[in-house]
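Structures given as structure tokens follow.
One chain, chain A, appears in both complexes that follow, with chain B as partner in the first and chain C in the second.
What follows is the complex of A and B.
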């Protein structure tokens, strides 16, 4: 395990407090929904009260007449393309022919005062002929079901296979066939979607709104407005929580459109209820598995049918489906498999990215299956996994060579010491222990990525680091500053972070897929190397010698008894009219060919984790209390142990919510039922168990100073481990999350 | 109709003219430039807008400005003394108890209110004391540790 005391590094492996934490505890950090622009208009969204219907007309005349109203926009006012969506731009910016979910935006209002805007909003009328509502995957698949889109209710269908499952199954010792279900989960970040927009003195449209991927936001805005991306600036930081729910567009295009049309500053912030109605959520899943195993516990085959509920449109649905495909075999050696994967349209809002991105859904199925197979085989569940995990150098199920899987083996062996059933705390209480393994790729798999990052050395004694990934709480600011401090061997206090703003930072991509540290960190280290090589030549000029006899240490270049600092050299470069900004682009290591039938499978670098959950169940109430959770993680070298552990703890707590209490529901008319914190209950501090996080000593050569990624690894296996612990306590298996009391008794 | 309300905000007397039912949260944010109070729900559910009203923790979104006349309001901006952070604020930094930070001011105010009333709370009392605040990043274990550490110091 990693301990700080034995680390050979100066700034990494160190639990340095977040660099923005003083502003956060002081209350001074201005989130983008806190911004108050002079002369700003108040903006609101007019939404459909019909979940599925044909739009006949939208009447805005009365609204336009309200005193103080500056704009009432419908689809007719969209300058170029009326569509967005991270993968397929099929989501209307403002609906035009049909509405496909309750709350779909139909019009935008901007006015001088809040009162005028709300009055105008109340005067807009929509004439919509309702169509039958599709509530679930099953209903969507019915052959008589109304079509949500012209092409039907299947957004994507693909089959991936290897080997001969029939043959493998026919010789198997045990074949289990089970169906699993997971719910729609809401992100419920504390800061609702929102921000401001304005046109600056150069005519550029500035959109400052909570988000995760500024450059993709910019492209999506550009397509809708029909103006070049260079004329648009997007800033996404600080953001008060995201978890995937701000990765695709929320308010950004609406804001840009209003600022563009009115030429006035605009503020648009969704209310909590609006966030509940129109914000994204996690795909619900229905997964069928038929898995076969040999007498000695070797997995022989896995047949999976995956259905994910994409809601009314595809946002990240196609790639979420890919991750569910990639993780349905777990980290296991499975020589024969067939994966039939389907992304399905319903009228349930819009599903999009949510921490784990298809992996928690698949993990609940395969890890529950592993636990049940262990039971059937009368094998220890850890031994069953040790027998089947892929080892370093083996070829994985998707023809990928497995890198660094030894961490998973070590984690499983450590888990043996922690895997025991605790004693009940009193009468009518039962206890249980459960286990699951987590695996997820870091980044976009086979999809090409070329993140750029920059550093600028200011003669005044500061190094600015620039990248576009967003810090929405995961600590990427601090982690990247630590990486640069380590590389340049300069104090952290000399580093200034400029990020997630297209005005300053090059395109490093966004914060998602647990890849910000890997991509931005690596690109920043390349930029540092470029800077050091350039500065070394300037040092050679200063020392009147050749660059190859000069050494570097702690921010200074050395030649014989002479020294010069990087800042002094930056001054010389500036004096000569040269730039002191150094930018570099990383070619993210990847397999170039996706497995047939997929978009991005497989990944090259995987994070691993083993979770042990201990629960106590009240026999009378059926209430499940998670008492203790152990998580043993292989996330590569750990840049900041406290921040990484905080990420893991947070993911576990979100995962416990997902496993035990959280479930977004819609009524018969397709209206969401739980849209605020009273009706959609999330864990509070009294629900939080004792959490023990341990890191396996690990080093991934492809990552910055050996790091992989961390954000998603812990939420993924929580569901299966909790369900397993409940089985241990009550003797009955459950196949559907969340494990509400009336489902388990 | 608007009312004129005067109250003490972080040790300074302030006066505002506002509709009587306007929430203290909105007055603080829109009229007085105090943005540490966050409108996470505006329904008293999330605790992100918590302030101390005459020493009591309240969600400022549920307090009408007309109820505040002549009272004392403390937000997290008012916890610093002579530029020094409050021990709770320092402890939140040291323990890594912030992630996105949006809930942080509300948690610190709730913890402050708890410790003002009960300087030596048990673990259960600490948990209960901040159970009205939501942290969706799930920094709970570290928030607990941060408060607990301040309590321990008080005891010693």
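What follows is the complex of A and C.
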């Protein structure tokens, strides 16, 4: 259910259809992997068939001799730095001394035809001495384990603490100690990683590939090629799904390298299986919690040991670990805590960003703990939360002053009305209801961010809006256009979106951390203000008066009985040789200092949600069917209710997959077992329960027209709520996701 | 991924197809709907460089009655089976299974002969064929033979079919009016799921006494199996929760499952018990599916 309440706004709070939906639904839209450049070379990647090993030699001579082959590149051909990685550039572009996961790229081939490229690929030989493979966090931590990197198997270790946990625990009424596990999850976007690259007339390298953060991609390419970023263009739109899996580099550097070396257009698209083998996935987690409460249910202390499996390299691992630290205390008042957090190397591919970014992992632990504590205390789980949630103005566990927590309280109270066990549909069916709370910061916490965005007013009667965040299906183009329409009071049909292309759009950052509405929206509104103030002066010159007596409404400036439109004014500006493009930079509101031991904790603005999941379980088969899910969200002012609800529904279904059936597995040699849609099973539409989405009326002054963010909030609490519902149905608690039927009976 | 070129022969008659096959034998791969072959081609597991496309041979696509049997052409698509008045009237258990195969897209292309050709123990049309006493007709130039369904399969992906033979027809018994039936499939999702366990059963009751039970199980052994001990146990006894429990236990004991990413062997045994128990329990409680031969009377 989407409630579209009566609103004072003209273009926001409205479920306007997505502005790009016709082309997508009609199948007209060409994705970047659909592009066919004239004269393009076909490119393929030669990958390691050993998960962990020492590289002795890579033989490419025979491949180079194949007719039509234009390039066979190895690490020797990399002009500058052989490394990338969003946080630490430690991932080799092409492996040189060691391979650390099955499928790691060793060489690139480009040829005139597909046949020649594949023939060349089959002629490359790698001489690799295998080393023992590390399959899991436990194996990596073993003191006799082989080291995946010289520095060992721990990529990052940090301890964050407050208060005196020992003292708090010793006076507690109940202390529970539990271990939780969550699996690696694949993004399974419909469009696999891929794109094209070419060198243009001006000698600039153009990389057009699915991605999330064009300016960061550009810097990463520039470091590897050793050419300045200005000589590189990255365009990431349209991208057919990402969910975090395209936030770091996938094909971009390989494409740029091939175009740079061959001076020819190239196309490189990973097959579904390559995406399965070499694409990113969500960190697996092992989390130990020891949590204590008072007799009345007040939380006293929380001791957490967090291990995240980063796979062979770090990518976003360090910041994912930060979000897992921030999430492990929930939205609760916890006066004493110790969080011992570890990012661990294994030979399991590379873990990277995935919707929720460390939060679903920690949320499963703390919210499962809250449900079990409620049981032990014989308290209603909603009351236990109402008792412990931080209130507006309170200082939170990470020394942050809590803003707008009323929404969470209201959502919990509403949840009470929805929290009931449904009737079973037949014999052998048991039903249960479960709950969990979601909290997630918007953006990059204390990391400084200065996103820029621009608008350009064309005399022809159109306003172009420009930002670098990528709309890979979330609907941010529509949402941001609505914000600008509202600000300028002009119809949406006059707005044209130019985004995620370093050629046109300023650096607004990328699409991640539920930040694209907040950051791009705010920056766009600043650009609109700049435009309006400049145009007002031009209007004053036109009316031959002072600007402060002029008013503005619906795209027109008014003075007495005279009017002039923004487009006529743009024409005048252009005539005078002035620009009609207005760019502004936002200083993202944040706390200046990160909590000791963290990189970016805390955030200033949090999204909240409460989820109620109702399941039915076949007691003889252990099969869990989610029947109904209610989600009550506080995402600030809702720019487009239908799009926002779509994000919430999508997150819930992806979360149900994560909770019930999805799990990336590797065999004893470190080879991934489920690498396509046949073997890696994701839910289909007929698996979807009835989903009820409700929005709390809320307004965050720091956001654009009161908005916060929405992309990640709903996936985060699904696991804990499902596990809780299963407990309610069968009486047995589960501490490990996914809840596959054979783990239930 | 393999992009190797394959040559496709598309004969318009069975005679022509058999002629080509007699020359090329194991060097050519028959393909009907292609829903398995295309996947195998992509995975590089098809050794043959040539394909024998059966989809233009209309004489391989039919559903006919012949006395107490129904004859189904090997290249008949699932969609046709689902729509067939004959199958709906006399072998609705097959409809139950076909309905749960893949998705509408797969049912529009996939054929029953292809399911047999693939010979997966998880093939969903196969358990019903076992309880319908199906026979598989294999034809080559000049001769043909008929094989009982349980003699057709030798193991996963292995059958008695010779390289120069085609599957041309599958024939099944008409179900007796008044019999109860079920096909149950357990997968990890509600469509496009490979069975973890499946079961097909036909049970004929006289008052409450079991005249006969035919029970087959899928995905729990190298081939689909008949649970003969369970069938024996049921014969002549009055249906009760206790009997159902014994039947389900014997069915579970008959399995020889493996562990893979779709389920552990232990789970498959438990789930076999559960799936059989629940299906029979529904019949016992009077809300099982029953065949009435409705179509005949109304025409």
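Observations on the model:
As a convention for this text, the second predicted complex is superposed on the first by the 740 of 745 C-alpha atoms of A that agree within 3 Å, B and C clash if a C-alpha of one lies under 4 Å from a C-alpha of the other, contacts with A are read in each partner's own complex, and residues count from 1 in each chain.
Operating definition for what follows: contacts are C-beta pairs under 8 Å (C-beta built on N, C-alpha and C of every residue); 3 or more make two chains touch, one makes a residue touch a chain.
Just so it is clear, the model here is predicted, and its values are computed rather than measured.
Of the two partner chains, neither chain B nor chain C is touched by A:533.
Once the two complexes are laid over each other on the shared chain, residue contacts for A:271 go to chain B and to chain C alike. Contact with both chain B and chain C is seen for A:683 once the two complexes are overlaid on the shared chain. Contact with chain B, but none with chain C, is seen for A:643 once the two complexes are overlaid on the shared chain. Put chain B and chain C next to each other and count what each touches on chain A; the higher total goes to B.
Of the two partner chains placed around the shared chain by superposition, chain B is the only one that A:20 touches, whereas chain C remains out of contact. In the superposed model, A:622 makes contact with chain C only, not with chain B. When both complexes are overlaid on chain A, the residue A:741 reaches chain C alone and has no touch with chain B. In the superposition on chain A, contact of A:665 is made with chain C only, not with chain B. Overlap of the chain B and chain C interfaces on chain A: residues 271, 678, 682-684, 686.
On the side of chain A, the complex with chain B involves touching residues 15, 17-18, 20-31, 33-34, 36, 187-192, 238-243, 271-272, 472-475, 642-643, 646-647, 649-654, 676-678, 682-686, 688, 690-691. Across the interface of their complex, chain C is touched by residues 114-115, 118, 271, 273, 427-428, 618, 620-623, 661, 665, 673-674, 678-679, 681-684, 686-687, 740-742, 745 of chain A. Every residue of chain C that touches chain A in the complex is listed here, in rising order: 1, 3, 39, 103, 186, 188-194, 196, 261, 263-264, 266-267, 270-271, 273-275, 277-278, 281, 285.
Considering their complex, residues 29-30, 34-36, 38-43, 45-46, 48, 75-77, 80, 85, 89-90, 92-94, 96, 98-105, 108, 127-128, 130-144 of chain B touch chain A.
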